[in-house]
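Next come two complexes, and both contain chain A; in the first it sits with chain B, in the second with chain C.
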Partner chain A sequence: MREFEYVAPKTVKEALNLLATYKEKATILAGGTDVVVRLRDEIIDPEFIIDIKHIDELNGIKFDKKEGLFVGANATMHEIQNDKNVKEFYPFYADACGHVGSKQVRNKATSVGNLCTASPLGDSLTPMYCLDATVVIEGPKGKREAPVREFITFVRKTVLERDELVLGVKFPYVECKGIYTKNARRHEVDLSNIVATILKVGDEYRIAYGSVAPTPIRLVKTEEFLKGKKIDDKVIEEAKKILTTEISPISDLRATKEYRVSVSQSILENSLKALG
Partner chain B sequence: MTIDGQYTAIGKYLPRVDGVAKVTGAAKYAADINMPRMLYCDVVRSPYPHAKILKIDTKEAEKLPGVKNVITGDYYAKRGGLYLADKNFLAHETAKYRGEAVVAVCAETPEIAHEACKLVKIDYEELPAVLSPMDALKPDAPLVHPELETYRVAPIFHPVPGTNISHKHFLKKGDTDAAFKKCDKIVEHEYYVPHVQHCPIETHTATVKFDQSGNLTVWASCQSPYAVRNALSDSFDIPLHKIHIISEFVGGGFGAKAGTTIEGIIIPLAQLNVGRPVKFTYTREEEFRDAYVRQGMLAKIKTGVDKTGKILAVENNFYWDGGAYNEYGVNIAKAAGFASAGPYNIDNITTNSYCLYTNHPVGGPYRGFGMCEIHFCIEQNLDVVANEIGISPIEIRRINGLRPGDKTGMGEVMKVSGYQPCLETVLDKLKYDPTPKKVSEHKIRCMGVAAGWKSPSQPTDAGSASIIRMNEDGTFYVHTSAEEIGQGSNTALTQIAAEVLNVNPNRITLKSGDTNMNPYEWQTVASRTTYCAGNAVKLAAEDLRKKIFDLAQMKLGYPARDMYLERDDEHDCTWVVASKYHRDMKVDMKTFALGMPLDDGSGIGGPAIGIGTFTLPNNMAYNPADSQSEKGVAFWTIGCTGVEIEIDTQTGHVKVLQMISCFDPGKVINTELYAAQVEGAMIQSLGTALYEAMILKDGKLMNGSFLDYKIPTAYEMPDVLESYVVEFPEETGPFGARGIGEPAMVPGAPAIANAIANALGVRFNQMPITPDMVLEAINNKKN
Partner chain C sequence: MKKINVKFTLNGELIELEVQPNHTALRVIREQLDLTGAKEGCGAGECGACTIIVDGLAVNSCLMLAPELDGKNVLTVEGLAKGGKLTDIQQAFIDHVALQCGYCTPGFIMSTTAFLEENKKPTREEIEVALAGNLCRCTGYKRIIEAVEDVVNKRGGK
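Take a look at the complex of A and B:
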């Protein structure tokens, strides 16, 4: 690990100035649960670490039914998992945040950090995909917003410019029922080999999977097929078939491709049965 | 023991004597050693599984400010090794596995050492590599050690020069060819056990320092200070009295810290920097690959039975993937060879156990020392045979499991054997029922059992010594070099001394982990410590007691013959009592701490010191032609594990709900430490059965960190995790005790494998049995 300079701005404006100055030489640090690992493994080699944890504007979780939910960049997995409104109106998102790493990791890691890492298996991302969450970004030219599906472009790639900062994520409020499922080799402290969130909104279903493609994805064909249908064994069987045309998992150390397909189908079946 | 024959310390729960120091953080482990003017080492490792080292350019590294020295394998090229001298501490001429240390850097800070490593330029010529044990045996296989015939080897090992065979162990009992002809059923299967890692919480670490008089001090996280001392003396030609090994606390060993791994890399650096300590600590990633690993093994096993289920013949071929250096691994192939029958009464056995060089990480001791691996095969094959002839897996064990009077595979008559009562205890406690039960739409539950045995694989003359000193106030120091590696030896040995001396254990301080202060101990391995070091401590305490009685007969005016010791916690002392007929005639034992004052003002006897030395009597080397011996090993510890598992048929996850073991440790010294050993061993076996494997691809370790190498967490603990005991005393054991730490791990993995097979009707010949494998089997059956 090379030596770097650590800076801890107190305001977003200050942080943006630092980013504008250092650009690609800087790495943003929030919870640090990804950044520190990558520093130690010498995958990244920044000259400056900009720690945003001391920016109060980025703290907190806000909710009302009109505006929906806003999760600030510094909100930890632990805070989100235990937030009263998240638990009541977005329980599948609370579940997702509660399944990241270990308790110690959840005390530090942030959901926005999880988003910016842009891993295909990010545990807290499929709820964002299901709800078509919006990423709120600020840069030298001011604020802009990006739909989450456009924000992540590939494995560990996003549309975020080097001089921009994610302020938080907006989730619209939607009357729905939802189920989050994580499958991993081990129950605790492991990475997902399949992760999914499935929502029922009115007579429609929204289905998002992780660890089945280079980014988390929505299964739009399966959703289209299920729209307005009454769930029975025949419909489930058909949906499971369509699902296989939409996912393209790989075999790696954590699971085989065949395993991922089979478990993806089981998750769909279980969720549809539970949601009705 | 009281005059009424009651134990006062043995068979009871004494809280760990090292517990407070450990839970408060006061205990100083080798990794905690920090001294003024310390230097730090880091190494450059080979990126190839097998390569010739053409040229090493260290100039740029040497120029980096803060770098003291950069050395290569040429700097100190003497080969060493415990049983077979095949290893250089830094690769010399060729690098034989991906990760092998090639260059060592010594610098003022760990960061400078790390940066300097990046500046070393090495030209390699890649050589063809041997990447599996079966490839190692091919006639045209590349040779990992072309100069094998020149290596020094202990006489009990038989390398085959011109091949990759570092040891071939052969066992023959009876006539298998003739016996197989009489069998009604013969079952032959192959099994594979991958490499696994010990994962001690403290990685390997050592600090070494030479003083100006040429004395070498080594602070090491090691299991066997005397073996380290011996190895370093041999490798570096330093006399033993000039080497001081200190290893007071060890953060987990499990076998990985039995030999020497990193000390030899830094000793030449310390020689170049006399007066300055040099420290080297493995990263977790290095710990995974560059400390010892449990060897992989392929087994071909053939079991023949008659129609009643009696095993008539067994033929085993074990192929051990020993890795680049087999200096220790040869002994595992040997242990597997002589234990290859398992705890069964079989008249005809042929076994070949090969230790093979490959271009993989270096194999070495791991809890079980080959037994976990071979029993994964033996115990599954037994279930398969039973099913094929239509008797239950339990029945076949009742028929063949060793009983007193039966002969082992080595031809030794078992004087005692707890096999059958252990099996029945487990069946009873588990309420064994092998019928699969569907408990919900996607959940199946089922049970399985397996047995196992293990003996120490140690030289027949391995020695132990202890010294006990009484202080003026009637407290004691017990000196031993049994190493406390978390297994609880300091506590068990304290109890043994307390029992003989009939003192409250809180009056004893146990001293270990320092070769300058404490007497010889061969090694803390092989589940031999309670037995061997325990015997030495017991003998030392008895020697001290005898010396006290000799003086007390003058003081009390009664013969030593009838004297006994009486523990009196109320008065915080121990009485020397004349006899049970003269209980009032007594004197506080501490009276004799400095000998005995006489009435005329003179004294007699001198300070009270007891000495105990132990070598197992009549432990005879086996005949190398067939491994037969009347008394080839110190003892066999036998036991049984039963499990109930639940399989999720949608995800292939296997959850162990119940895990119950019963063993025969001869005599339990400490009830809670016995339970802790057995429970810990069960969980470790669960880890290997379901989660753990080092994934090697073209010699590269693909999962060398906890990110992708998973061990069980608290969640994976079975809801029911219980240990039971039957006690048939070991004739030569202290208070009848024999070892338990490793044997307890042996049957766990095959018990889980048997339960999965009972549940699904599918047999897995390889561990770990992962969710992908289970789900694939379920889906294949469905289609």
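Take a look at the complex of A and C:
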């Protein structure tokens, strides 16, 4: 690991001042499960590491039915997957967080870190896409909010400026049933070949997939087709065809393009059957 | 590069020392503090050989920067036995011969120690999930799982 200075601000204000001073020379450290690996492999070479874990304002998970769920930047996968309200009202999100890495990784990794890393296969992201979650950001000019679908722009790219910090993610409360599915080579501790969350809200479906495009995506055409339909074999077959027009997976060391298309279709079929 | 002063509890003892920010907690524990129980396997969060317990939770010390130790309560495998007496988990690994080369063992024992505090009556499947972040090249896992199940049964019987 190359040399850098380590700073651990105690307030958001202090962190923003540091970011404003150091800009592209600084890297924010949350759980560090991406950052430390990238430091070690010298993929990144910051002069300053800003550890945000001592900022109490960024801790915690809040919920009420009117405001929905707020997940602070320091909330770990372990905290989210075991949170009473997340388990009751967003079980598919609890499930998603429970599928990130190993227990040791989940004890450190944050969902906001997962979001800011902006990997197409980020396990905790498809629930955010299904619920149209909002990213709460603070910078030198004050607070702003970005819909998650606009926040991630490409593989490892977001709209976040170098002097901005993500405070947390807001999920509206929606009465729904939902299913999260991860397909990987191993049952535990593996990156996804395909990851998906499918929700049924009233007589509509919301479908988000990861690892099928440069960013996680919503399958809006498939959603439109399924609106108000009763699920039977014919409808499922048609939906599977439409799905293939919306995804563009690649072949890589984990899986081939063809395999990913086929798995995506199976996930859709299984989820629709289970949700009814 | 500015060194960082960290104060933390290590195996029950208050420690204060200067660390280099670009060292991992694992490196500090092994090389500055001479506790070589935690091992480096992959150095990238994959194998669990470096597992330590921080504030009650198992973490990979290879993914923790040295300055992150500040203010924490840290337990390594060296801190488990009291007055030369092994914990029931350590003893069970011996009784079940849940190791061959032993490189992975401290990591498995730390993961198990933290997990059985959190879940006192786990199923076999829950044990497997909790230990999935620890890899073993030698045993094939069967004896490790059996050792953990044995501890659960014996503790439950008390």
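Keep this in mind: the second predicted complex is superposed on the first by the 276 of 276 C-alpha atoms of A that agree within 3 Å, B and C clash if a C-alpha of one lies under 4 Å from a C-alpha of the other, contacts with A are read in each partner's own complex, and residues count from 1 in each chain.
The criterion applied here is as follows: a contact is a pair of C-beta atoms (placed from the backbone, for glycine too) under 8 Å apart; a residue touches a chain by one contact, two chains touch by 3 or more.
As the structure is a computational prediction, the values presented were derived from the model and not from experiment.
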With both complexes superposed on chain A, which partner does A:L191 reach: first (chain B), second (chain C), both or neither? first
Who wins on chain A residues touched, chain B or chain C? C
Just checking: does A:N183 make contact with chain B only, chain C only, both, or neither of them? Give me first, second, both or neither. first
Which holds for A:E258: it touches chain B only (first), chain C only (second), both, or neither? first
For A:E145 in the superposed arrangement: first (chain B), second (chain C), both or neither? neither
Which partner chains sit in contact with A:S266 here, chain B, chain C, both or neither? Use first/second/both/neither. first
Taking the superposition as given, does A:D203 touch the first partner, chain B, the second, chain C, both, or neither? neither
Of the partners chain B and chain C, which touch A:N107 in the superposed model: first, second, both, neither? second
Which positions of chain A sit in both the chain B and the chain C interface? 1, 187-189
In the complex, chain A touches chain B at residues 1, 183, 185-191, 253-256, 258-259, 262-263, 266, 270
Which bits of chain A are touching chain C when the two form their complex? 1-6, 8, 29, 32-33, 36-37, 39-40, 49, 51, 53, 78, 101-105, 107-108, 187-189
Chain C residues within the chain A interface of the complex: 1-2, 4, 21-24, 43-46, 48, 51, 57-60, 62-65, 67-68, 70, 111, 115, 128-134
Touching residues (chain side chain B, partner chain A) in the complex: 111, 442, 650-652, 691, 695, 702-703, 707-708, 710, 712-716, 770-772, 775-776, 779
